[in-house]
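Across the two complexes that follow, chain A remains constant while its partner is chain B and subsequently chain C.
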Partner chain A sequence: MELHPIPQPDELDIREKEDASGAYLMMFATTALGLPLPIVNMIASVVYYFVNRSKGRFVKFHALQSMYSQLIVSAINSYLVIWAIVNLVNNKPFTDVFWGLAIAVGVFNLVYFIFSIIGAVRAHKGRFYYFIFFGRLAFVQVYSVKEKQHEKPVNLPPKM
Partner chain B sequence: MRRILIELIALVAIGGLIWAAFAIFINFPSEPKLISKEKEQQLGEKYTEVILNLNGFSKVENSKADSIFEETARKLRSVQPAPAYSYTLILVDNSMVNAFALPGGHIIITKGLIEFCQNSEELIAVISHEIGHIEKQHVITRLIKDIGFEIQTSGDAYVMGEVARTILSSGYNRKQEVEADEFACELLMQSNLEPRTLASFFRRLKEEQGDYPFEQFEIIASHPNMTNRIKSILAYEVPPEFEPQNPWFTIDELKNIF
Partner chain C sequence: MKLKVKHQESYSRLELLLRTLFGFLYIILPHLFILFFVSLWGAILRFIAFWVVLFTGRYPKSMFEFQVGLMRWSLRLSARIYNVADGYPAFGIKGTDEYTQFEVEYPEKISRALVLLRLFFGFIYVYLPHGFILMFRGIFVNILVFFAWFIVLFTGKYPPSFHNWVVGQIRWNYRVSLYMGYMTDTYPAFTGDELPEEA
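Now for the complex of A and B:
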């Protein structure tokens, strides 16, 4: 797989590092609303990605990695919240399966929280940090040279 | 790409394993752990004593009332296939239209309720509803959930007084009320009494006391949507050959006490 050049920390300006770091920190800013309404975090991460994706590959990678992981975590959180609401409305008991998922979701959120802090710190230093699965996925999407980019150039210098 | 796929599978597997591990190996009680019948009985006796010492809850001492209530408790117990409790019905001199169950099978009935009932079937229907809360263990479940066992068993007089007031003011959830209604209908049927009397009692109470008459009436306090409960009780299926009998006492026998 051919890759675009991977920037080293000293090749990145401070603005890029801050924007890349912001992709993770943004999640903490929306946590207060995101706990009861996980969709808020989901929307925030998508908006952040689309606003910042044109600010260079380094920023795009971190924003995309943060968005992918946030989407999955938010989806699981939403599922749990909906399940709890359905149980409460219908007066159904909270089964062991529910509580098992609740704890698993709690563990996932905690891991995600820790990874996000590390990701934010690394990004702020101009470095990469790869989450399991999401890191590779985002990297491939941002840094792999796509077929189109190999097409024969149309504009050429004049024949000398 | 293969590494991405492997990581995805690993991630899903780890998540699934954590979920399964917590769901299978850890027991999360959906209801609080209940106490033994003996302890519940002791608790009930203790709180009955405390409640009877509260203002407006003095016990009516009357041999006629006692014998009617003993007979009622005995009959309502004897028709059940496997009752877990013995019932003690206690009449108190309080003008509120009210009845409530305490732990261990104790049921407090107010003078106001006796005066409100048009016939003895209505009173027996209300008592059957309270027995439903007792037999379905709603009483002790609610107390442990709301108050906590450690506090309930505290010997401190002040704490006990507060717990007793909490018992008087707190209600059951919708599911528990519906279960108690169903239990009451079943019990009335087994006693050869008209099960739908409970519905007419609720309707009358609603009509006479307006849209929100139930704040002080425990058996319906937590559920303003009485219409649904009345409908459910009226929908209770009674076999065509069922012929309700007259109860073993008349309401006037109790009313004449006052």
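Now for the complex of A and C:
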């Protein structure tokens, strides 16, 4: 696989490092707005990616990795929140299965939080940090050299 | 910080009437609708910037520029609401305006001790004294805006002293916002006038 040049920390300016680091902090979006809606984090990650993807591959990689991981975390959190709301609205009891899932989601969020902080610190130092699965996915998407889709020229002169 | 609203030689009476009668529909409503969502994003970035400043002592430049752009947009809108500028305010963080100007020097370092001080005691030593004066000043400014409306309608001129008071109110508010938004370490001055270093 042909790759674009991978930048070293001293080749990146402070702004790129800050922008890359900021991507991981989108997990605080819900806290910032004070809304118990996990989807806010997801929206923030998506917005951050689309706003910053043109700021260089280093920033794009970290923003993409953060967005992919945030999508999964937000989906799981949303599932739990919706379940809780449905139970509350319908006056249903919270089963052991619910609490089991709640604890699992709590642990999952804690792990995600720790890895995101590590990612943010590494990005701020101008270094790469790969999450399981998402790191490779984002890296390939951002750094692999894509072959040209159209070998033949698309624009042609009129037929004489 | 540099905040200016150009004092025009003459003001359009037609625009004044249009703004008064329909301004809510064609200026305030569309701008506020979009500003609401952009401000939500601004709130998220401000919260994140707080933590970044606390740990690194540096405000991320992209976030800083976004906040300044947001304040610039808000200034364009405020200038029309107070009738101190003609024309339609441009939409967007990167929008430009021939009548308003807002520049903030990017600080390379922000004091982390001051960040904590503002967080815990900002209400007492910033919001309370400034808010107290700004509230009464704001009432006076609104009275001036009311009289200025008639003066512009009949003469097409906005009295420069009235203009200075109104712009001073906005400027003062912005200084407080910058300080409490951790974007500067300079304590806001108790005046709406331009400071010597801002001229």
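As a working rule, the second predicted complex is superposed on the first by the 142 of 160 C-alpha atoms of A that agree within 3 Å, B and C clash if a C-alpha of one lies under 4 Å from a C-alpha of the other, contacts with A are read in each partner's own complex, and residues count from 1 in each chain.
In this section, a residue touches a chain if its C-beta (ideal position, glycine included) is under 8 Å from a C-beta of that chain, and two chains touch if they have at least 3 such contacts.
Bear in mind the structure is a predicted one, so any value in this text is a computation, not a measurement.
Of the two partner chains, chain B is the only one that A:P93 touches; chain C does not reach it. When the two structures are aligned on the shared chain, A:L3 is found in touch with neither chain B nor chain C.
In the superposition on chain A, A:A44 makes contact with chain C only, not with chain B.
In the superposed model, A:I85 makes contact with neither chain B nor chain C.
By the touch criterion stated above, A:R136 is placed in contact with chain B alone, chain C being left untouched. In the superposition on chain A, A:L101 makes contact with chain B only, while chain C stays out of contact range.
Contact residues of chain C toward chain A in the complex are 40-41, 43-44, 46-48, 51-52, 56, 58, 60-63.
The residues of chain A lying in touch with chain C in their complex are 14-15, 18-19, 21-22, 25-26, 28-29, 31-33, 44, 47, 52, 55, 124.
On chain B, the positions that touch chain A within their shared complex are 1, 3-4, 7-8, 10-11, 15, 18-24, 26-28, 30-31, 173-175. On the side of chain A, the complex with chain B involves touching residues 91, 93-97, 99-101, 103-104, 107-108, 132-133, 136-137, 140.
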